[in-house]
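In the two complexes that follow, chain A is the common piece, with chain B as its partner first and chain C second.
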Partner chain A sequence: MSTTTPRRNRPKQAAKAPKPATTATAHTASGRHSQRWLAWIFLAPTILGMGLFTLVPIAASVVLAFFRWDIISAPTFVGFDNFAEVVQDPTVRVSFLNTIAFVVVAVALQLGLALALAVMVQEKMPAWLRTFFRSAFFFPLILSAASVSIFMRYLFNEQFGVVNWFLSLAGIPAVPWLTTPGGSAAVVILVYVWQNFGFSFLLFIGGLASIPVETYEAASLDGATGWRKHIYVTLPLLSPTTLLASVMAIISALQVFDQPYVLTRGGPGDSTRTAVMVIFESAFQRLEFGEASAIGVILTLIIMAITAAQFRLSKRFVFYQ
Partner chain B sequence: MTGAETGRLREITRRTALGALGAGIVGATVASWPRLSGTDIPGRGDNSLSIAIMGTAADAAARQRAIDAFTRLHPDIRVKVQAIQAVDWKDFFTKILTMVAAGTPPDVVYVATEGAQLFADKLAHPLDEYLRRDAADMAEFFDDVHPSLVEAFMYKGSLFQLPMDWNAANMYYNTTAFAQAGLERPADDWTHVDFRNSLGAMRKVRPSDFTPYYWTNRLFGGVVPWLYANDTSFLKETRSTGGDWLWDSFYANDPSRNLRSGGYQWLEPNADDPRVFETFDYLRGLVKDGLGVRPEEGGGSSLVGLFASNRIGTTPAGGYWVQGLHEAGMKENDYDVAFFPKWRSQRHQFGTAGYAIMKTAKDKDAAWEWIKFSASREAMELIFPNPGTTPARRSMVNEALYAGKGPAHWKVFYDTLDKYPTTGPIPAPPQQAAVETALMKNVSLAVSGDERQLKQALESMQRDLELALRRQS
Partner chain C sequence: MTTTTERVSTRTPAVPARSRRKPNWNLVLRIVLLMIAAVLTLGPVMWTLSTSLRSPAESFKLPPSFFPWNPDFTSYAQVFRQLDIVLLVLNSALVTGLIAAGQMVTAAMAGYAFANLKFRGRGALFSVVLATMMVPVQVTIVPVFMLIRGMGLSDTLLALILPAIPTAFGTFLMRQYFMGLPTDLAEAASIDGASPWRTFRSVYAPLAVPGMAIVGILAFNFHWNEFFRPLIMTISEQNFTLPLGLVSLQGNLGTGSISVVLAGVVLSMIPALVVFIFGQRALQDGLTAGSGK
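== the complex of A and B ==
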């Protein structure tokens, strides 16, 4: 047998040449196939968890919005009746308006306060004091909102509260904090902002730390000082953080429940009743789960619309470095 | 598809991920059909008689003694008592309803007046058949219990609970504050005018850091006792027919037999009644003149402490306060209790509580045995060892119960029923939660502003009550 390969056979050999490569590909494909399965296996708990505990309840809630159900009797299909009732219910309308007013005021205060304190702490404080303030401002967030509200209820009691006692030292008469519409709204906002601004504060601290020092130096060389530096450098470069902080703050504020529920039970009148409080009252106190779901669906749509609007607007106001 | 494409590690696209999530939802739904419930959790679905009460671990000792006594009597019935912590009865009922929704309803629930009709209407099983069967055994219980308490648990002619404990809204007063203002103990028939004058006298002596009248914005002890005293209410009160079998069996010779009915009904709002306006206007006057507080919604948790610190002159409360005041350091002569002031009537408000058998109870006969046992003198003495409430049995409201704790006129508690047999329960139709919200949310506004604001608040209350009573009716 000749050891030389006839020329005409070369293409065949050439055709055979990739064979080891094909085997390698097959190996790789098999490896990647198993990697894919491995990825699915790792993802499975999350997917199942999300499906079972997030998406199923959301889907069930949407379906329930079209039924009348009091837990005890069988559900009855009522079409859009729940939505019609909810829209006509003056308490629901007021609670949504309250929620929106609350979001506007509380989020503005929360972000304004957080930003001002973050700038102050980041620029003016020594490192050890910065650490102290970071912890101190974040601390209220880890407390239970219900416990804080119970505590605040004592502080703001008209007759025996510490706040009015301090005011009396200055000759100011007792303020009916929790029994007048204005007073109770102010206390709910105050308590909410006090408890939540720490999170936005931390976000802003992180955002401020990521702004290059050179940018400030360049601005200084261009003659920018004091406030102008913050207006023309800090705010634009902090805009991605501001977007994130505002989206999170607005979503959280739209779902406010604990503070008004414990402090005022939504009163006096409906002055501090919020959308989530109405959902709770409809479902667990009046046993109208369908109506509660309908309110929940409407609230979800509002949250989605506001968040989408924020992201759309962000294209005009947010600057990425 | 080429080999190269097949071999590439395919990324998990959004479509794939969404498909997987969809499959997850379908899988989860299929997997949970028929519906999984809390009883599927190992250890929960046993055959014990499950009893839910409002309480904390602190009451465990007295509870366990009662369970042990019951087990000695009925060794074949296993009892499991769940003490559910709650801020108030509304909160407690919410938790029970959550248990129902979760598929783990208790067999027996301790229900107060606030929820009696909600349970009777939707969740509870009537006791009629058991009472007829064991009439001879139960006669002694009814002999010892005022019929007003029993009537509070009648619903459409059937009895759903036996009263175990109760409390009326009487008027507590601080004896030192009264003495400082030169006031004597109020007469039994003191009027709302006398009451206001007493508050004025106390305010004169202690112009600051003191509240002559402290009241809360709740269904019990808030505005309702004043409405009752003025012979009105925020809901129109009517009575159902029926129930004669019970009254004739157990209260045939009671002087108030003819007042009894098949149960209370609150079907229409009544906030537009001129007497309701008059009552609110009276309370508004107390607030305006600094004699009474502007009530906070759901307030009251700190009231015992405030009263015990001698900073409150008077407040409406029942016998349940005695133990709390004692534990807060008040001596038996530091305070006393009087009847609620008279207006057009001197009808008082009370609330009572007792066990209800759930429709879903696995073994209703066993549940009835628990109720029958709990109504016995032996069980009540175990369950109510101190004046943390007023026992439903008249014979247990005695000197021994209040010895060393006060008040001096403890007889006022049961006399409220005996002397004023028209004394009525907390108005609580099946839509109680919505009704309570409708009342409470308008009270603060009604008593905090001018006459125009009061009118607006009552109009709003009338509208809210109409809506509340329409729901689920």
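== the complex of A and C ==
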């Protein structure tokens, strides 16, 4: 693209070339003005839209967190009561702990799997096979988490599920996947990772492709082979990608909702209830909008702290070329 | 890779030439492992397809089948009877299409401004845009819900469309995309006396089409499958989108006729599948372009 189009434009430029050169220099002075105007016009829809639908709501959320409001009667200021209630509420507390445990396990699985598969795919192999694997791992990403959870719920059914049928072939007795706390947590994690590892996989593929071949050639000249090559060349050079992939994976895992909502509705008990499910339930089922906002504010602060910590860490560990 | 083997062979001439032609165990092992991963990835989808093509009475039969040997379409006929699937598809298509179009245009403009135009506060403003990516939708949903109510749009499709158009990730992608284009294009254009608008219009906008397509495909894929916002923003069934309709179908039917629910699931996958077939390359390129600085 970028090589053909300049060629197409060249005749136009040539046709304009005879224009006096003085206008060009004059232009750069006024050009800054018109650039600024154009910039603001171009930014207006995005900035106004974000202001209206993201920034103002964030501010409103923070304010609302200090009020008690059921949408029907007038809101009353309650100070930190919502936060105090939320912190003491066992359901909320369990949900946050569930979410954190979920993020740790799911993200570790997702990144580990994605990295291993990306390294294996990116090494020498027939092109059609590589294309097949890339498409296969990417495929779950195009499905809706709700649909996936619908069919996974059948697959993990205790009596009729395909998963238990395969396990029975190996002599393993039926696992009560969706009716026990441990089992349903495992299902939510597996279903989530199944659907999302492809995204990290793609990021790693991109990162691997950007490592110059000469680096590997130099490494093998120095005698590095097989796994050593990956540990000493791939991992350090891939670290910017790893950082990006982990930030994105953590942020999206912290917001998990669709899978536990469709698979387990948070149960049994509160075993698979997540932070976002609690926001949803307190706002739209119990009409406690202030409390929901307080939980939302806490979740946002956690997300921001994790992201900030990650970027701080990256300055120490990430190796930029 | 090839250079390595050659180098080894020249260093150790004692090794006969034929032994180098032995099967590449590394490759075999990798393919076996990757195949296992691919089967685990595609298996559930194959099972879904094949079960949707069984008759409702046989849908729970074990051993499972992963290929629809004797396709039976009664479940598909039933899903049309039990669910207004045409309306769901139309709603989903309208919502997704308008969001995608809106995102493509606004992200291209904003991305271009951040990449190629100089103005005060550019870096700070871009940081703000990026920072909004950190804020989960679920956190702003309560105020957005109120706002939509205040605008008189509650329980309409516009309630789903409007808030989704401004896109931080799309803007980020388009900025990366424009930054990847050679800057001498702009220099050449401005030496030729083109205004910033002309430079955008005749030099960069045509080049931006592949990038915009990526933003559009990403938006389509995300919002076609979206569940959380429709769950909150729509109340009446006539405004439901596909994922919402399917989840309520599963809820209504219990476990009796899974093949009917799965038929609905398969139908809902078709547009995503079309995007996958025709837009996969663009989608993958976009994701990697967004990351591979």
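Note that in this section the second predicted complex is superposed on the first by the 286 of 321 C-alpha atoms of A that agree within 3 Å, B and C clash if a C-alpha of one lies under 4 Å from a C-alpha of the other, contacts with A are read in each partner's own complex, and residues count from 1 in each chain.
Note that contacts are C-beta pairs under 8 Å (C-beta built on N, C-alpha and C of every residue); 3 or more make two chains touch, one makes a residue touch a chain.
Keep in mind that this is a model prediction, so the values were computed, not measured.
Peer 1: For A:Arg32, is the partner it touches chain B (first), chain C (second), both, or none of the two (neither)?
Peer 2: It touches chain B and chain C both.
Peer 1: Considering only the touch criterion stated at the top, classify A:Val92 as touching first (chain B), second (chain C), both, or neither.
Peer 2: After superposing on A, A:Val92 lies clear of both chain B and chain C.
Peer 1: Classify the contacts of A:Leu115 with the two partner chains as first (chain B alone), second (chain C alone), both, or neither.
Peer 2: Neither partner.
Peer 1: Looking at the overlay, does A:Asp258 come into contact with chain B only (first), chain C only (second), both, or neither?
Peer 2: It touches chain C, and chain B stays clear.
Peer 1: With the two structures laid over each other on chain A, which partner does A:Leu52 touch: chain B (first), chain C (second), both, or neither?
Peer 2: In the superposed model, A:Leu52 contacts both chain B and chain C.
Peer 1: When the two structures are overlaid on chain A, which partner does A:Val175 contact: first (chain B), second (chain C), both, or neither?
Peer 2: neither
Peer 1: Which chain, chain B or chain C, is in touch with more residues of chain A?
Peer 2: Looking at chain B versus chain C, the one contacting more residues of chain A is C.
Peer 1: With both complexes overlaid on chain A, does A:Phe160 touch chain B (first), chain C (second), both or neither?
Peer 2: Touch status of A:Phe160: both partners.
Peer 1: For A:Phe284, decide between first (touching chain B), second (touching chain C), both and neither.
Peer 2: Both: A:Phe284 reaches chain B and chain C.
Peer 1: Where on chain A do the contacts from chain B and from chain C line up?
Peer 2: 28, 32, 35-36, 39-40, 43, 47-48, 50, 52, 55-56, 71, 153-154, 157, 160, 284.
Peer 1: Name, in rising order, each residue of chain A that touches chain C in their complex.
Peer 2: 1-2, 5-6, 9, 12-13, 16-17, 19, 23-24, 27-28, 31-32, 34-36, 38-43, 45-50, 52-58, 60-61, 64, 71, 113, 117, 120-121, 123-125, 129, 132-148, 150-155, 157, 160, 162, 165, 194, 198-199, 202-203, 205-207, 209-210, 217, 220-221, 226, 240-241, 244-245, 251, 254-255, 257-258, 261-262, 276, 279-280, 283-284, 289, 292-293, 296-297, 299-300, 303-304, 307
Peer 1: What part of chain C is in contact with chain A in the complex they form?
Peer 2: 1, 3-4, 7, 26-27, 30-31, 33-34, 37-38, 40-42, 44-45, 47-48, 51, 60, 62-64, 105-107, 109-110, 112-114, 117-120, 122, 125, 128-129, 132-147, 162-163, 165-168, 171, 180-182, 185, 188-193, 195-197, 200, 202-203, 206-207, 210, 221, 224-228, 231-232, 242-244, 246-247, 250, 255, 258, 261-262, 265, 268-269, 272-273, 275-276, 280, 283-284, 287-289, 291-293
Peer 1: Residues of chain A touching chain B in their complex?
Peer 2: 22, 25-26, 28-29, 32, 35-36, 39-40, 43, 47-48, 50-52, 55-56, 59, 70-73, 89-91, 153-154, 157-160, 176, 178-181, 264-270, 273, 281, 284-288
Peer 1: Chain A touches which residues of chain B in the complex?
Peer 2: My answer: residues 3-4, 6-10, 12, 17, 20-21, 24-25, 27-29, 90, 94, 97-98, 100-101, 122-123, 211, 214, 217, 293-298, 302, 306, 311, 431, 433-434, 437, 440-445, 448, 457, 460, 463-464, 467, 471-472.
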